[in-house]
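The structure under discussion is supplied below as structure tokens; questions concerning it will follow.
We just call them A, B, C and D in the order they show up, numbering each chain from 1.
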Amino acid sequence: MSAASGNVPPGRPGPDLADTGRVAAFSDGVFAIVITLLVLDLRVPDFHEGDLAESLVDEAPSFLAFIVSFIYIGVLWLNHHAVLRLVRGSTLALGWINLAILFGVVVIPFPTAVLAAALTDGDRDDQRVAVVMYSVAAALMSAPWLVFFAYLRRHPALHGDHVDREQVRAQEARPITGLVLYGLAGLLGWFVNPVLGLIGIVVMIVYHGVTSEGIRPGLLHRPRIRHQD
Amino acid sequence: MSAASGNVPPGRPGPDLADTGRVAAFSDGVFAIVITLLVLDLRVPDFHEGDLAESLVDEAPSFLAFIVSFIYIGVLWLNHHAVLRLVRGSTLALGWINLAILFGVVVIPFPTAVLAAALTDGDRDDQRVAVVMYSVAAALMSAPWLVFFAYLRRHPALHGDHVDREQVRAQEARPITGLVLYGLAGLLGWFVNPVLGLIGIVVMIVYHGVTSEGIRPGLLHRPRIRHQD
Amino acid sequence: MSAASGNVPPGRPGPDLADTGRVAAFSDGVFAIVITLLVLDLRVPDFHEGDLAESLVDEAPSFLAFIVSFIYIGVLWLNHHAVLRLVRGSTLALGWINLAILFGVVVIPFPTAVLAAALTDGDRDDQRVAVVMYSVAAALMSAPWLVFFAYLRRHPALHGDHVDREQVRAQEARPITGLVLYGLAGLLGWFVNPVLGLIGIVVMIVYHGVTSEGIRPGLLHRPRIRHQD
Amino acid sequence: MSAASGNVPPGRPGPDLADTGRVAAFSDGVFAIVITLLVLDLRVPDFHEGDLAESLVDEAPSFLAFIVSFIYIGVLWLNHHAVLRLVRGSTLALGWINLAILFGVVVIPFPTAVLAAALTDGDRDDQRVAVVMYSVAAALMSAPWLVFFAYLRRHPALHGDHVDREQVRAQEARPITGLVLYGLAGLLGWFVNPVLGLIGIVVMIVYHGVTSEGIRPGLLHRPRIRHQD
């Protein structure tokens, strides 16, 4: 900790730093709206009398897309929540980086819808286009997270209490993995097989879900809460 | 209270625990959007000059569905609000459980719309399908609440001040009742009569509304506020 | 102040009371969504090349309705904001009353749209129906505010610091005025002339806007902030 | 600081002042919804099998409009965030001024859509109309910010800690620049060339983005955070 930041009461941003409260509130609003708007794509199917069950079964892909998207955005929120706990206050640069992160979140329903349309109505060429588009969107989403961790590593005065530099440095591995592997999934989808690319994307979403726990050792991962049975 | 949690200032989460603030803010956003989007289904009916009153009367079922849905989501918010007061801080596991609870909230307008469509345009088979679908959705919504209380019972360090284990244990009865009775309502609707199943569902919504008070004895139920007349 | 509430640190709710934070956050979300969704009704008009200006002028009533609705919901938010400052904590009863208030807020775009449709496409009978519908909705909106103040008057332990009983009692005049005068506006619109009823409604909105300042003397109305020129 | 405000603990509003928390929460909600609703205008294009790529390329103007609008509203949020940090508490007047600022934010998607429609489907006259409409909307948006700073300059008791009068006075230059230059852009667009007017508008958005950093010297601009390499 620098002398300058030593004068700041722990847990409270000083005059140089804005509270992260509004960054969190604005982000929570965006996440909440994106995750709720997904349900608007679930529509009661037109059905002939007595055929409701069949019509609903035809809608199964929409339900599946809804569930996957809900989980994906939920995972992104959990990550955002964990990451903001690493910082003690916000600067203008963090505000811009956060806007870039939210851009990636807000945009994700669109390539998802394009992918669904290509799988339903498109040919192999369309599917290649859609898989590449999804990969580019997902890789773009990794970029601001990388910038965030790099910025945070270089500004230790922004670190929250109980956060050390090693912890911050370790986080950078994750968006780099995202950038590289989403890129590979896109190349696979374009040059080899769109379905292979798609599998790569699903693997990456699962990876992000699993490591949403992994990225905060000592904070949430191993809570020293004792079972009292 | 364990020794570990005894070191934590009362009412404040320690380094192991995240503040529940963002969990609440994100959830409030989701509830607010779901409850507000309901009004989008209220549309000014097309009408011939002089026939506005009759056209509005024809829309009465939509108004009724709007009011019931508003109350239902309102009850869910009151429950969520009361339940989050039982915990002192959030963990990753609670974050996931909360996402599952919100999934149930976000999804509920869809089976409601299917039910309304089946009652208006469907035959008895469609109504059986719709009632079963609604029952399954409602039972699914009970499941994460049960997980929540079971998790909380096993982690007393997460309990808020003024919360004892008996109080937490008592809460588990409610989602279990929900799981069992919504399931029975679905079976009734499928094998006996869809209208009977529907009545069972309405009874359950009323039950949840009534017990939204019952689940927090000593917290909100019997406030020791004296009337001063 | 009762002995029970005297044990509670000022400004903080005790174990019997929930913090008003989540009530405010949930309500803010609902207000924010309702006020923002209004703009969705502003649509770029279809126009022939060179006729954009005329097409926009034809949309003027929509713009006017948008502005009036924005101001109306803004006034309701200012009132809600001021009123929540009167209380120190929330109870389950206040939670239900707040839901009823929000119901009135969420519903208001619908009678507004019916009124606009009746004025554009309806005859005199349709306008009578629309004016009465709007009056009933506005009167219904006054009812939970009245319940709120009556409840608050009978529970002094809920009063915030710097709030005395006279101040709370004085607030009841406002929703009573709303109930009576919106009712009169409805009767005027039905039995005399829909346009007269409409004027009565506009007068009431202006009244609510003006008294949104009047209802909190000593709190915000006459801030003892000195000009330093 | 006046004697009256000297009695108030630093950073906390006194009895005369409302906390800015709800003003921020309500505003954050509005910003979050406006910025998220933009993505609703991105639609999967209808495409013939094998033509997805071409159909997506045809949608490029929509993507560009989405990105520009996202950045614009993001800049407005950053400004709002910075500006609210200048004040220690909220008054009714600030509540009204904030509503006027939010009105400008909520409205902006509409002239943007009109402009896009005029550029795609209109002739030169339509474009002149659209450019003037956008300029007027942008100039109107500057007005409440000017009122805000003028009000704040005259009420030093509202100033947050670490905020001096010179800092507040310096902020007024920005909305005045906005009013004058958006006005000039409108005149350019009407009397000379709509494209020139459009360029003027884009320059102004860039100006607002760049000076969103400039308006808070000493607060966020030059954080005394030391690099520790």
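A few points about this structure:
In this text, a contact is a pair of C-beta atoms (placed from the backbone, for glycine too) under 8 Å apart; a residue touches a chain by one contact, two chains touch by 3 or more.
Quantities reported herein were computed from a predicted structural model and do not represent experimental measurements.
For chain D, the chain with the farthest CA centroid is B.
Annotation: the chain A:chain B pair of sequence copies touches via predominantly different residues, less than half of the used numbers being shared. Seen as a C-alpha superposition, chain A sits on chain D after a turn of 90°, to the nearest 5. With centres set at the average Cα position, the gap from chain C to chain D is 26 Å.
Between the Cα centres of chain A and chain C there is a gap of 37 Å.
The multi-chain contact residues of chain C, meaning those touching 2 or more other chains, are 25, 28-29, 32-33, 37.
The part of chain A that touches chain D in the complex is made up of residues 2, 4-5, 15-18, 21-23, 25-30, 32-34, 37, 91-92, 95-96, 99, 102-103, 106-107, 109-110, 113-114, 117-118, 121-123, 125-126, 129-130, 133, 154-158. Contact residues of chain B toward chain C in the complex are 24-25, 28-29, 31-33, 35-40, 42, 44, 47, 49-53, 56, 70-71, 74, 77-78, 81-82, 84-85, 161-162, 212-213, 216, 219-221, 223-229.
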